[in-house]
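Structures given as structure tokens follow.
Two complexes follow with chain A in common, the first pairing it with chain B and the second with chain C.
For the complex of A and B:
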């Protein structure tokens, strides 16, 4: 553990650390372009120059190992002069597109220029021109003039995805970032190069020109795209409905979590947020006619009450898209109080998976349904629908699922669990058929009651990922007007069924949950924090499921 | 003085300086090492540890260039496949080093150093003489395919500036008036009388 001094702060750090890492430990930020903690060290941009006593020249912090007794100055005039000179070189041929550059506002050229640049430009010559706005793949747009050749993206595709699409071609001021002729940047993680590009050379085609980044708000949550549960930030705009047809979510960015996704996320999760603002159910409906929450709650509760001594005639198809808190309420109310048949097991086809982040199970909370024993040991969605078609179930409540599809994927051979015809018959046979969910689908159109619910970014709660990590999804912004979080609906139903529950919010429900579920014992929202917490012990099923 | 340089905006303004294209037209003739070169290649890769096989890219490309005269997309593909790296990795190297040619070149590639020492000692005038004699400007190959003239950066013999390199041999302390003789010698005998300096000095030293 060498001990050194950085800007007057004494600090010890592990052997083999570099100056930039030591500085970070001491809470001192050293500018960087090419250095990225998740990639190998390139040491080519030179913006991280620092002054080290007894060294005749400035050194790059990212590739200088610390030694015992080192004295480093990161803010001395000499260090800042050196960095200013480096920046002047980097900007010599830079197009300064800032007014039309998507990176503007989160650009490290702008940032560092404001921090220690502020020189008067001396470059009067014609700038070297390169290609602009080249679509290099389904998601990423390349502007070669803005690239500072830090090679982060090259190392990402070489070291993380191992697909090796990028190269830096030619030399000197003609040097340019590009793909081999005929190639496309089309791998399942391509969007990450947009995040790591420190400038506006690689931008997001999906987000391009949608909003200036300084209008964005950010909220931490967890991706609901698969069982990995990558930690993400939702970037959204609420007060500018003139942008993007009023869509609130504008992009999703990975959030660092050493135990889950590090700095990365997959493209499927990154670009799969469209449903949050498109095709939403916004009104309570009763057989196609707009109704109110009061009427719906009263009518549904009344129907359920009729069957309360005949619980097995009530079927509930819950979903592994629901939070633990909601699943727990469903279990308490339907299984516990009413004796209904409840399952969250819904036949799915395994999706694409790899050995990095993407899991075949496209539900964020399958393990939560296992913990709550709703994963279909005795019956699954198919058996419940079957029983309903044969008249043994009179009331059916479907949470989120479209019965005509399998999982979230498109129906196989155009058949899901059942086809449209059987769905219509189901609707005819049932005395009560409730669909609660976020988006329009066939099941919504054939159910008797449609209850519009909040998307996961609009509600609080927890998911358990495939590695047995409990993660909180937070609540980025309130639901679309007239949509309600599933847990509020469930609490209301419980009240109307004369089975009131003491909890008022997800946090209290979670506390109730920890008391009855040993794997969750001792956890609180505070302990879960923004990075999640492992289960006390992982159920054996999870061990097997997590590759 | 106008603050802004004149901007020559037109359709071809924002373009790449890369020469390689992988259309059928640009990929060149099919390429594979000859049996002999393949044997050489196998010797070369033995010099590197198995996990550093990619380090053999420079000698592997030289081999390809010796065989074909210049590097094509097909040659890049062949080298990449043999070394187990991507074609982009190979093009990185090809396009970085001026010693690799991506277009056919003449039998003699005349490379005039234009870096500081040579420039101060009249390299520009050597280039002018060569241009006049050969009737081509730097970057061009003459019609008969005998000569290619290029300007390059420091050739590492600055003490004998100005330096011209023809294929793999140096010609040092060239005076502009030597240029014409150099060309004639190359034409006549396929080699030139070395301007000497380097070798003469070295030989003298050896002799005693």
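For the complex of A and C:
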């Protein structure tokens, strides 16, 4: 553990760490372009120059190992002069594209230039012209002129995805970033190169010209695209409806979490947010006619009460897209109070997966349904639909699922594929057919009641990812007008069923959940925090039973 | 707190008589009246033009000269090929304290321009004429030098200028045929602009 001094702060750090890492530990930020904690060290941008006593020249902080008794100055006049000179070279051929560049506002060239740039440029020569606005894959746009050749993207495709599409070609001021001949940047993690590009050379085609980055608000949440549960930031804009046809969510960026996704996320999750603003259900509907929440809640509760007294069977197809809190309410109300058959098992064809972040299970909370024993040990969605079609179930409540997606692939049980015809049959046979969900689909159009619910970014709650990590999704912004969070609907239904529950919000429901579910024991929203917390794998009861 | 006592001047005896003061006032007024009557009559027959008739400017027949840096109605400047100079950087929209500018950017077919405004509206009913948009523009694409002061309309909607009226200050809605040049195919007659990239219709108003 060498001890060193950085800007007068004494710090100890592990053997083999570099000055930039030591500075990070001391809370001192050293500018960097090519250095990225998730990638190998290249040391080619030279912006991280620091002054180290007893060294004749400035050293790069990213590739200088710390030694005992080292004294580093990161903000001395000499170091800043060095950075100014480096920036002058980096900007020599950098075009004045800031007004049209999507990186503008979150660009490290801009930021560091504001800090210690040479405000009176001396470069009078013609700038070298290169290719601009080249689409190099389904998601990424390349501008060779803006590139400062830091090689982060090259190292990303070499080391993280191991696909090796990028290379730096030619030499000196003709050097340019490009793809190897015949290549396209179409690996499942291509969007990450946009995040790591410190300048505007690699930009997002999906976000292109939609908004300026300073319009965006950010909220931490968890990707709902698969069971991995990558930590992400939702970037949204609420007060500029003219942008992007009124869509609120404009992009999704990965959020660092050492235990889940590090700095990365997949393209499927990154670009799969369109449904939050498109095709949303916005009105309560009863058999195709607009209705109100009050009417819907009263009518559904009355129908459920009637069916319970008649001894009819009620089926509930919950969803592993719901939060633990909502699943818990469903279990309490439907399985507990109404004796309904509840399942969250919804057999579909497994999706694409790999050994990095993408999981075949495309639900964010499958483990949560398992914890709550709703994962369909005895019956899954297919058997419930089957029974409903045979008239053995009187009422069916579907949460979010489109039944036509059921068994997307080989036929399951006797159901086969559900089509519009079988939905019509369901609608005719069932006494009560409720669909609560976010988006328009066939099930919504055939159900008796349609309840528009909030998307996951519009509500609070927790998911459990495939590694048993409880993560809070938070709430980025309020739901679309007239949509309600599933948990408010469930609490209201419970009240109308004369089975009122004491909880008022997801936090209280979660506290109730931790009391009955040993793996969650002791957890609170505060403990989960923004990075999540692992499940207590050994329930205390089991521990006590063990010798 | 310091108290300042104001003493009103006592009227003199002459002033207290009242009538002489009224006569004095009428003398000033009627001197102007008869002088202007005489000068206006003389101007009519082409005489005494060098003498200004009255301090009142004969607006709107005779508009006053504007100072060169006076901020009048906005216009969007154009490139040599007639397309808007604006690159849709949205800095004016950002800096606007009244939030009266609305820009939607689109992809320009020339990769050296890259970006241009598919839609550029200014709501003059909200604008405070501060000129920040002109100050902030990195492309000299917006100026407030049209000299147009008489911005008036019968509805709030008519106070909103679209990109046509901004690029050609002589145009006023409804614009029936558009001779302006855009990178997109302009279909102004239906009040809509076509985004060449996505092919979607962007409604102008």
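The working rule: the second predicted complex is superposed on the first by the 520 of 547 C-alpha atoms of A that agree within 3 Å, B and C clash if a C-alpha of one lies under 4 Å from a C-alpha of the other, contacts with A are read in each partner's own complex, and residues count from 1 in each chain.
The working rule: contacts are C-beta pairs under 8 Å (C-beta built on N, C-alpha and C of every residue); 3 or more make two chains touch, one makes a residue touch a chain.
If you're wondering where the values come from, they're calculated on a predicted model, not measured in any experiment.
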{"item": "When chain B and chain C are modelled together on chain A, clash or fit", "value": "fit"}
{"item": "Touched partner set for A:125, first chain B, second chain C, both or neither", "value": "first"}
{"item": "Chain B versus chain C as contact partner of A:179, first or second or both or neither", "value": "first"}
{"item": "Contacts of A:99 with chain B and chain C, given as first, second, both or neither", "value": "second"}
{"item": "Touched partner set for A:242, first chain B, second chain C, both or neither", "value": "second"}
{"item": "Partner contacting more residues of chain A (chain B vs chain C)", "value": "B"}
{"item": "Which of chain B and chain C A:305 touches, first, second, both or neither", "value": "neither"}
{"item": "Chain B and chain C, minimum CA distance [Å, superposed model]", "value": "8"}
{"item": "Footprint overlap on chain A, comparing chain B with chain C", "value": "131-132"}
{"item": "Contact footprint of chain B on chain A as seen in their complex", "value": "124-126, 129-132, 144-145, 164-171, 174-176, 178-183"}
{"item": "Residues of chain A defined as touching chain C within the complex", "value": "97-100, 104, 131-134, 208-209, 211-212, 214-215, 242-243"}
{"item": "Residue ranges of chain C in contact with chain A within the complex", "value": "87-91, 94, 102-107, 111-115, 119, 138-139"}
{"item": "Touch list for chain B against partner chain A, complex", "value": "3, 5, 7, 13-18, 20-23, 26, 73, 85-89, 91-92, 95-98"}
